[in-house]
Amino acid sequence: MAKSSSKSKASQKKLAPKMKITPEIIKEHGLSKDEYKIILDRLGREPNINELGIFSVMWSEHCSYKSSRRHLGKFLVTGEKVIQGPGENAGVIDIGDNDAIIFKMESHNHPSYIEPYQGAATGVGGIMRDVFTMGARPIALMNALRFGEPEHPKTRTLVSGVVAGIGGYGNCVGVPTVGGETNFHKGYNGNILVNAMCVGLADKNKVFYSAAKGVGNPIFYVGSKTGRDGIHGATMASAEFDDDSEDKRPTVQVGDPFTEKLLIEACLELMDTDAIIAIQDMGAAGLTSSSVEMADKGGVGITLNLDKVPQRETDMTPYEMMLSESQERMLMVIKPGKEKLALDIFQKWELDVAEIGVTTDTGRLTLKHKGKIVCDIPVAPLADDAPNLDRPFVKTPPQDVLNAEDIIETQDYNDAIKRMISCPDIASKRWIWEQYDRHVMSDTIDSSQSGGDAAIVRIHGSNKAVAITTDVTPRYCLADPYEGGKQCVAETWRNLTCVGADPIAITDCLNFGNPERPEIMGQLVGCIDGMNEACRAFDYPVVSGNVSLYNETNGQAIPPTPAVGGVGLIPDLAYFSSLEGAKKGDTLILIGETKGWLGASIYLREILRREDGAPPPVNLGLEKLNGNYVRRLIRNRRVNAVHDCSDGGLAVTAIEMALASNIGIHLKNPTHISGHAWYFGEDQARYLISVEPNSVNPVISTAQGLNIHAEIVGSVGGDMVSGDNAFDISLSQLRKLHEDWLPNLMNS
Amino acid sequence: MRTAVIVFPASNCDRDAAFALEKITGIAPEMVWHRETSLPKNIDFVVLPGGFSYGDYLRSGAIAARSPIVKDIVEKAGKGLAVAGFCNGFQILTEAGLLPGALMRNKGLKYVCRPQKLRITNKTSRFTKQYGAREEVIFPIAHHDGNYFADDTTLNMLEKEGRVVFKYTGNPNGSARDIAGICNREGNVFGMMPHPERAVDALHGGTDGIDLFKSILGTL
Amino acid sequence: MKAIIKIGLKPGVLDPQGRAIARGLNDLGYNDVKDARQGKIIELDLVGEDKVEAEKQVKSMCEKLLANTVIENFSIQIED
Amino acid sequence: MKAIIKIGLKPGVLDPQGRAIARGLNDLGYNDVKDARQGKIIELDLVGEDKVEAEKQVKSMCEKLLANTVIENFSIQIED
């Protein structure tokens, strides 16, 4: 460290004339006094504004994970199939035959609230870049969305903008959007969540990483030009050294999916050669974080000549260029001698491209602009000295365990079922997913269209497929972060199991409120611990993810929402399932025991307007036992349809199966518990399966032999959905209720 | 038999088209970059694929329709080359003047992706012969600008000459007279908004599209 | 020089966007709006001095690319 | 009365359409085109006589629905 500070003193004279770094400017950059002291020490002098900006973004919550890092470190991140865990642009898993799946999920919450179309669109663009940066062709997109209550004046505009933005980007780039989830709750009125996930396919031996290597290697910039887009926070500071004219203000990032598509094709074409040493997309804090990450990981220095950066606007300052968040840009280190090859490919695809710098042996990030050195800082402290906070947290107090007998039983099951099937969280989301191209690339085997538990996307040209799902139940996480954390991981595992896949690994997007509040920190820690326990129980590691904090308005935080994206493998498409296949004459069997857990349930919320009670506990051992059995039944072709029994309980699960299979069902009343507990209880580790008559005995007796609870709960046939004396509704009426809710909302 | 798929910047159903052609002919098609000034030799059938050529900027298909390769295709289509455009390919064909009319923003203003029922309204065309007595097919649709427009004179002429090859059952986009696909007077150039190339695989979008390819390939 | 090109749908061509705008405004309570049409405006930065020549050029750009004359009309204005 | 509303991207906001148009024109050999921007033009038919009031109304329509003021600017012209 001493060595680098003396070096910087020597170079200090060459620094551009600088504005005075006042305490206000430091504060505007989100740096604490202690953090600023570290900067002074590492530099051995005062930083200039460019350097301050760079420290500020690298040490921001977004880039440094300062509030969550120590807790994320607990996650299970390794496994037999893990090629790359957290720490790169995305996680990489092995699916055999030299194929690797690369995936990640990321949030774009705040931008989507400000400008829903562009915010959501650029979220999709960003997550795709994280995936193709590593050498994968994106093959599927998912999205996990949370909006405020339906009646809220902003909700409709936000829904239509976000959905159009996701579709507008993904459809244009030509990657199918195959699934996702959408919730509505007043807890998101002031802070919606837009989490996007991308899954890509690469050659296992051709995965690309971001560590720059070697000295004297050229650094290429490719993609769109740099403008004053979304320059991080510190607006005031940047305005101070410019005149305050309207057209110099930072602007909202606008996505250009056309350029993204060209960028994908060009990068993949170049990746087919051996020209790339390292590659990194420019995400948040664009040029800064990409160059610092590449240099830090490779243990090298980087010198950039900012005059060479393709610029969309005139008179851009170094500060603006380094902090710009213009989209559709990549940075790469190219092998010397391969410059022309790279240039030719990028020019063929009509992209802006420039050689803007070189790797060095100084360990420093040095920036030149108009003949002057405008930044000269050691790289190591940007990463190593990033704050790693141990924020105080308090455990979320437990909610009472509710007894079904103490909860009012509906006197009108027909009415209750109709209300549940058309309630915001359960109603059909067709209005949304019909705006997404789900089929492009010719490999979508199952998608939102079936209402299935997980999407199925074939590995092109083969007979195997990946299964993909995203899940979290925020009401459970709010009531009990630890159990809720277990539950969201377990639900993805269950959903992958439902289609017959072997679950492999997850990505996550941890959306929480302000971590400076100990209660919120308690939610974050609780969820992470719960998730981690489930990951370990299933041997189901976390390979990538993202944290989004400060999702709150006026002290009102969102419900804790750790969205989980799970990926599994269907080794042979001869054996997979969905909820569509129930046939006349089938018997419905419920795997897993129903005790009738109504705390934190949809029944409680939608029918009784109560949101209290402890959520259903997750018995991970049981989950594994039951899930492995269901997967085995699928592979032995014992089932016609499978559906995970979760939100809304048995009744909703069975109706969803009936709707998807387009056939009526009949359910039996319980003998051991009351009707509402039986039909609407949300006990975990359960699967509803539809089997042919000759499979009933084998399925049940094998289950008994394995100590698995399996019981006949009904039958398939006719055009009514009924429960012994309890309810009796035509499938067509239910379909209408289920389908109409969202279009009615959006057209109202 | 040699087939070709044209690749424009941000064509994205080029792979879908290639998948279908290879599945049906057993031979991978030539993938031809839009900057080429002429098609490879001995091409019998050309597909302009779906997607968002040039991001659908300005108008869907407009910029692609002015590319060098399309000039060559227009010329060869005039001499009888079989050409089909699906989705964005259909938009390009109308923009290039090979087919009449224009494709405007969907009436509902939203992008729409769903399996779509279609009536075969000309069973003897070079693109539908194989369907025999079949009246209906289901092809996926996935578009934002699929609302077919032409003036009444043109529409009357198309109907009279049997050039309306497919119509929608349950119009998804506001197209005039429910038109989903049309051909030129000579019958060698065909365009439709739905995606027959995504309906050649039972696991994917069904198999109703196979006969469309067999029809045209069988006439070459 | 600058060229300002206005492109609108020909009379008689149904304008779904225009209709949706009028309806949207009515829904918001702007009942004085009887009808709406949506068009495009394209601004080009041109090098050169000769306005007459520029206008000729821009007209040919419109015919060849910028407007689809099956459904659209255009008008051109050249400015400094 | 008529209201003519021009809506364009704010200065500095990326305009991918404009860029594609400029390139498309260059490709067709129009090399004098240096840059292009695309905006919208909306024409409203209004009942009423009072131009001042109309302008006020239309401004509020722009802010509430017609323009996305996060990324777009608009200008209004009222005509008979």
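Chains: A, B, C and D, in written order; residue numbering restarts at 1 for each.
Just so we're on the same page, a contact is a pair of C-beta atoms (placed from the backbone, for glycine too) under 8 Å apart; a residue touches a chain by one contact, two chains touch by 3 or more.
Model, not experiment: these values are computed from the prediction.
Chain pairs B-D and A-D differ in how many C-beta pairs are in contact, and the one with more is A-D. One finds 34 Å separating the Cα centroids of subunit B and subunit D. Subunit A and subunit D have centres, each the mean of its CA atoms, that are 36 Å apart.
One inter-chain figure worth recording: subunit A and subunit C are separated by 41 Å, centre to centre, where each centre is the mean of the chain's CA atoms.
As a whole-number value, the distance joining the C-alpha centres of subunit B and subunit C reads 29 Å.
Within subunit C, the positions touching two or more other chains are listed as 64-66. Shared interface positions of subunit A, defined as residues touching 2 or more other chains, are 256, 258-259, 350.
Counting only residues that touch two or more partner chains, subunit B has 54-55, 57-58, 62-63, 66. Pairwise chain contacts in this structure: A-B, A-D, B-C, B-D, C-D. Against subunit A, in their complex, subunit D makes its touches with residues 9-16, 20, 23, 68, 70-71. Subunit D makes touch with subunit B in their complex at residues 16-17, 20-21, 24, 27-28, 38. Contact residues on subunit C toward subunit D in their complex (touch as defined above): 6, 8, 18, 21-22, 24-25, 28, 30, 32-48, 54, 57, 61, 64-66.
Residues 114-115, 117-118, 224, 227-229, 246-249, 251-254, 256, 258-259, 312-313, 326-327, 350 of subunit A touch subunit D in their complex.
On the side of subunit B, the complex with subunit C involves touching residues 58-59, 62-63, 66, 94-95, 100-102, 104-109, 147, 149-151, 174.
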